[in-house]
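Have a look at these structures, which come just after this line.
The following pair of complexes shares a single chain, subunit A, combined with subunit B in the former and subunit C in the latter.
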Partner chain A sequence: MSSSKSLRLVAGLLLSAIFLLALGANFVAPYSYAKQFRNAPSAAPSAVHLFGTDALGRDEFSRLLFGTRVSLLLAPAAALLSTFIAGILGGLAAFLGGWWERAILASADLLMALPLLFVLLALRATLPLDVAPLISAMATFLILSLLGWPSSLRVVWAAARNIRESDFLLLARSSGSSPLRVIVRQILPSLSPVLAAQFWVTIPVFILAEATLSMLGLGVMEPLPSWGNLLRGLENPSAFQANPWTIAPLILLIIVVFCFQFILPSRGDLD
Partner chain B sequence: MSRGTLPPFSVPWKKVMRLFLRRAVWLMAVILAGGLLGATLVRYAPGYGVDERELDPRLSQASVEALRVQHHPNANLLGYYAKYLTNAVRGDLGISESTQRPVSELIHERFPVTAKAVLLGMLSAWSLAFFLAMLGQYFRGWVFEVSSTLLTGFLLALPSTVIALLFVYFRAPVYLAIACVTFPKLFRFIHNLLVQAYEQPHVLAARARGIGPVRIFLRHVLAFASPALFALLGVSLSLAFGAAIPIEALTDSPGIGQLAWFAAINRDLPLVVNLTLLVTLITVAGNSLADYSGHLATRAS
Partner chain C sequence: MLRRLRVFASLILFAAAACARAQTGGVLHFCLHGEPKTFNPNLVDDEAAENVRYLTGGVLIRLNRQTQVLEPALASSWQVSKDGRKITFQLRKSLYFSDGTPFTSEDVAYTMKSLMDPQLHSPTGDSFRSGEGTVEIQTPTIGTISITFPAPIAGLERLFDQVAIMSAHSPKKEMAVLGPFYVSDYKAGSYVELARNPNYWKHDAQGHALPYLDGIHLDIQRNRDIELLRFERGDLQLINRLDAESYKRLSKENSSAPRNAGTGLDSDFLWFNESPNAPMAESKKSWFRTTEFRRAISAAINRDDISRMVFDGHAKPAYGPISPANHFWFNAAIPAPKYDPQSALKLLGQAGFRFANDELRDKSGNRVEFTLVTNSGNAIREKMASMIQQDLSEIGIKVSVVTLDFPSLLERMTRTFDYDACLLGLVNTDLDPNGQMTVWLSSGENHQWNPSQKTPATPWEAELDKLMHQQATALNDTERKKAFDQAQQIIYEQQPLIYIVNRDVLTAFSPAVHGASPTVLTPPAFWNAEVLQLAASSQQGAER
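== the complex of A and B ==
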């Protein structure tokens, strides 16, 4: 096995382990993410609280597990929606051609011209700050997916255009295959590696964008934890010095984003 | 013309003008569409035109109606947008709802701070990325590849807010934080581009003929890479402005990034929309200028 393949295997296994741990947060976490131990605020790590507690007396380990679940479930969901939009629009642009193609590509270029973080702030500012935590999480990732598709669209469009001009598609059409059959049996299987690559590329981008937004107080709202709002603990240097486990969400975030970088298929694999 | 000399370079003005006009039309389209998007956000945001005084039980129904009329001067979106554009052309970008100061005044105060940080940050990131990418050409091998992949991978895995916090701890200047965010993306692109350029058959032929490394770099490698490098210059401007928001917000630097964050926190939509438009205008103009220069560089090479 080549070194890149074994590295990808290790990254995949590590990601799966973190993902399973996050999915089983209800069973693994000793406490609820919102449960406060009022007599133990900012407690040091101990047998009762593995990673200590935060300033409000909430168990850091439990919050990390639930926060991982929020980030690792919603970022792929947002990436899936974003890739789906890019797939539909990119496919339409390539196969319809003409003005449709120009209009779709121009709108994607237009959206890409807008600075993402500024637009995210503008869209987030339209929503009230005191929304329910779950709605804030959904809204954050929904906004990310609605703004994230243009960068994938160009790639999907280029791949779809190659398929449009391919011999096998011409053969399928001339042999009398219905348009639906052509889409399901010919186009989608040929586009799937590109769509999969775009999906995997987008996930870490969304994880990092959520972390940035939540650290600025505009993403997932308390008390629901996410990696972004858990990282706000780093803003207080004295809390970090008292409990070094405050850095755990950052380490986990770095590991996960690194794993996503390694898990991506190389160009050779796609060929 | 003697053997081996190239014909003199002449600028194809018709093509250049056509490209310039196309870019100008694109810029206008971006501004108008961005403005419409912004106006839609402001007009349909929850709470638009609502005055707390409407809740005062002492006011009669007629007074409440009068207040509503006063706060809803433009019921339809296009009317609102037309008024916004007319005022913007006159330099009136409206009043910030959170600070009660003219938006143009706030931008005028804060823009130089961000512009300086972004330009210095870009300069630092480009210098470091180019230096390391060049170093990679002379120290080829797995040690450089692995160490550069780990360094850039690590920086790419850090949210820009965390980088900003590190710079607050170490009391380092804001522009270095912006450089730190943009550097890994620039380095990976420049490194790959230089590897590709040095593998070109004409570069290999030049090396085989014993032409010096500096001449090869200036005459052949840069000529091959310059259009892509100019395009990257435009993209890096957008990246640097994007990085300015979290960095200025957390380092307490009084620029437009901090102002945008403050406006978003206070749901001050007129301010945040105007700032978005301003940055869009700058980045699109920067991209157009970079593309334009890249086109000229391609023609020259």
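== the complex of A and C ==
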């Protein structure tokens, strides 16, 4: 087994373990993520609180498990939607060409040119207030996916253009294959490695985007934890010096981002 | 002989030690947290410009920040007429502006005319606008001035603490000052340099001219973390305001540096949206308009826990609109807030709510739940909201916490009224209740729970209007206090704003600063800048 395949296997196993722990948070977490132990704020790790507690006395380990579930389930879902939009629009732009191509690419460029943070601020402000934290988390990731497809679109469009001009597609068309058959049997299998790569690349981007939004108080609503709002514990250097174990979510985030990168097929694998 | 030598040596050592402790001269370094928008004292409306005005401006009457009593400054005495419209000042003689121009009653007249000029739009002048008509100013002698206002102004003399006298004749215009320092250099975005005013009128008990310092270097620094780091490094010798987290950090490093001036005037509070135009269910509107509901919420909030966990103990449970730090206006008869979930449930029961299976329901069976909004990016308020959320869950109320950027929050508070409850705070720099008129009058824009009413929506708001007008027009402080005490009692009984905590005023001083005596009034750390002194070693350090 090559070293890249071994790395991919380890990354896959590690990610699976983290996913399983997050999915089983209800059973594994010793406490509710919202429960405040007011007699033990900012407590050091102990047998009672494995990773200690935050400033409000909430068990850090439980919050990390539930936060992982939120970030690791919603980020891939958002990445899937974003890649799907990029795949459809990129494919249409490449194969229809002409005004369609120009219009789709221009709208993607326009979206990329918009200051994302202000768009997110405006969109977040228009959401109704009385939504449950989970719905709010889903809305945050939905907004991210609806605004996050243009960069993937450019890659998909470039790949689709190459396919459009390829000999095998010309052969398929000239042999009388229907457009649907061409799409299903020829185009999609050829685009799938690009789409898969875009999917895997986008997941950590969305996780980090949510973390940034939460740092600004715009991401997942309290008391529901996410990696983003857990990382807010690090924004105060003195608090971090006093409670170094608040770094746990950052370590987990780094591990997950690396794992996603290792899982991606390398250029050699694609060839 | 030997004994004489010993005594002589002791005297030399004592003198040397005294010199090491503190000495006249030196430049004090600290930060402004923004760019001063103006050096014209009549146009000041931001904190940075206010700080520069405080350090440079000479006033007729100065409010002593420690005793909270008015003291003569440029005016040796003053008298307010019985009808409360006229104030007459006797000015100190032989005083000079920083550029050597003599100070006379003409300068006061010039300052007041400029202040009251409607074209100038002076925020300081707004406090003096008592009614239709013009302000009449008479200067019978160079040492006497009388100012007559068109209508009585309650607490008139107190307003002169904000009026820095400008020279009518100096070519330097507003840069000629009567305060302890004058602006000697300014680099936009970088610093303001203040130098000692050689013509300052005050002297210490030993007859030495004040101020002791040669100058003050004010760095313009918005980032509080950088300010703290520079203080720790010894580049700065004073921090005017610290948050609880930084205070804790400094306490660990150097227990003598941070200084707690005590409970301040600022308060954090929440309120329910009682606006008739609010787009919310009628059942919710009915809860929010029920006095027992609001009182129950107040009783169910554990303010001691909030103080301990969010402010590291540097805040006190708030009684009401006036903090106990406000010696004169605080109504001591109001009971201290008490955390009592059982009494909260009892009050809710009286209002027809039912608590069963850990859920609170109203008469119609609706689950009691609401959204609490606060401004995003404010970690302290977010923590407070989370704690309130848990406290209210104990009495079966489901609270969703939502943070919004400030413009969106303001839009909901003032235009769309699309929110349930809001958690915010008030920075209070004024001791006088007149500063809160727009909050308590039902017609006021800042009457947050139901702003800009044409007629008072409830009998108690009508009563509150009456009392606030009474206290604003009564001509002696005893009558004013009586009316405002009653107003505070109504606010306590009705809880339109549910006060949570009053934050402590936290400051920090380098051990090199002598004479520091922080207070809860602004500016807390340098209110007595004229008597602050620096140790010699610190002066060298700062110069480095």
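Heads up, the rule we're going with is that the second predicted complex is superposed on the first by the 245 of 271 C-alpha atoms of A that agree within 3 Å, B and C clash if a C-alpha of one lies under 4 Å from a C-alpha of the other, contacts with A are read in each partner's own complex, and residues count from 1 in each chain.
Rule of thumb we're sticking to: a contact is a pair of C-beta atoms (placed from the backbone, for glycine too) under 8 Å apart; a residue touches a chain by one contact, two chains touch by 3 or more.
Just so we're clear, the structure is a prediction, and the values are computed from it rather than from any experiment.
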>> If we overlay the two complexes on their shared chain A, which of subunit B and subunit C does A:L121 touch? Say first, second, both or neither.
In response: both
> Between subunit B (first) and subunit C (second), which, if any, makes contact with A:P223: first, second, both or neither?
Replying inline: second
> Regarding the shared-chain residue A:V257, is it in contact with subunit B (first), subunit C (second), both, or neither?
Replying inline: first
>> Applying the document's definition of touching, compare subunit B and subunit C: which contacts more of subunit A?
In response: B
> Where does A:W200 make contact in the superposed view: on subunit B (first), on subunit C (second), on both, or on neither?
Replying inline: neither
> For A:Y31, is the partner it touches subunit B (first), subunit C (second), both, or none of the two (neither)?
Replying inline: neither
> Touching A:P133 in the superposition: subunit B (first), subunit C (second), both, neither?
Replying inline: second
> Both subunit B and subunit C touch subunit A; at which residues?
Replying inline: 121, 124-125, 129, 216-218, 235, 237
>> Which residues of subunit A touch subunit C once you look at their complex with the stated criterion?
In response: 34, 36, 38, 41, 55-57, 121, 124-125, 129-133, 136, 216-218, 221-223, 232, 235-239, 241
> Given the complex with subunit B, which residues does subunit A contribute to the contact?
Replying inline: 106, 110, 113-119, 121-129, 204, 208, 211-212, 215-218, 228, 231, 234-235, 237, 250, 253-254, 257-258, 261
>> Going by the contact rule set out above, which residues of subunit B touch subunit A in the complex?
In response: 29-30, 33-34, 37-38, 41, 44-47, 153-154, 156-162, 165, 169, 238, 241-242, 245-246, 249-250, 260-261, 263-265, 267-269, 272-273, 275-276, 279-280, 283-284, 287
>> Which residues of subunit C touch subunit A once you look at their complex with the stated criterion?
In response: 225, 245-246, 248-249, 302, 305, 308-310, 369-371, 373, 376-379, 382-383, 385-387, 389-390, 400-405, 408, 411, 418-420
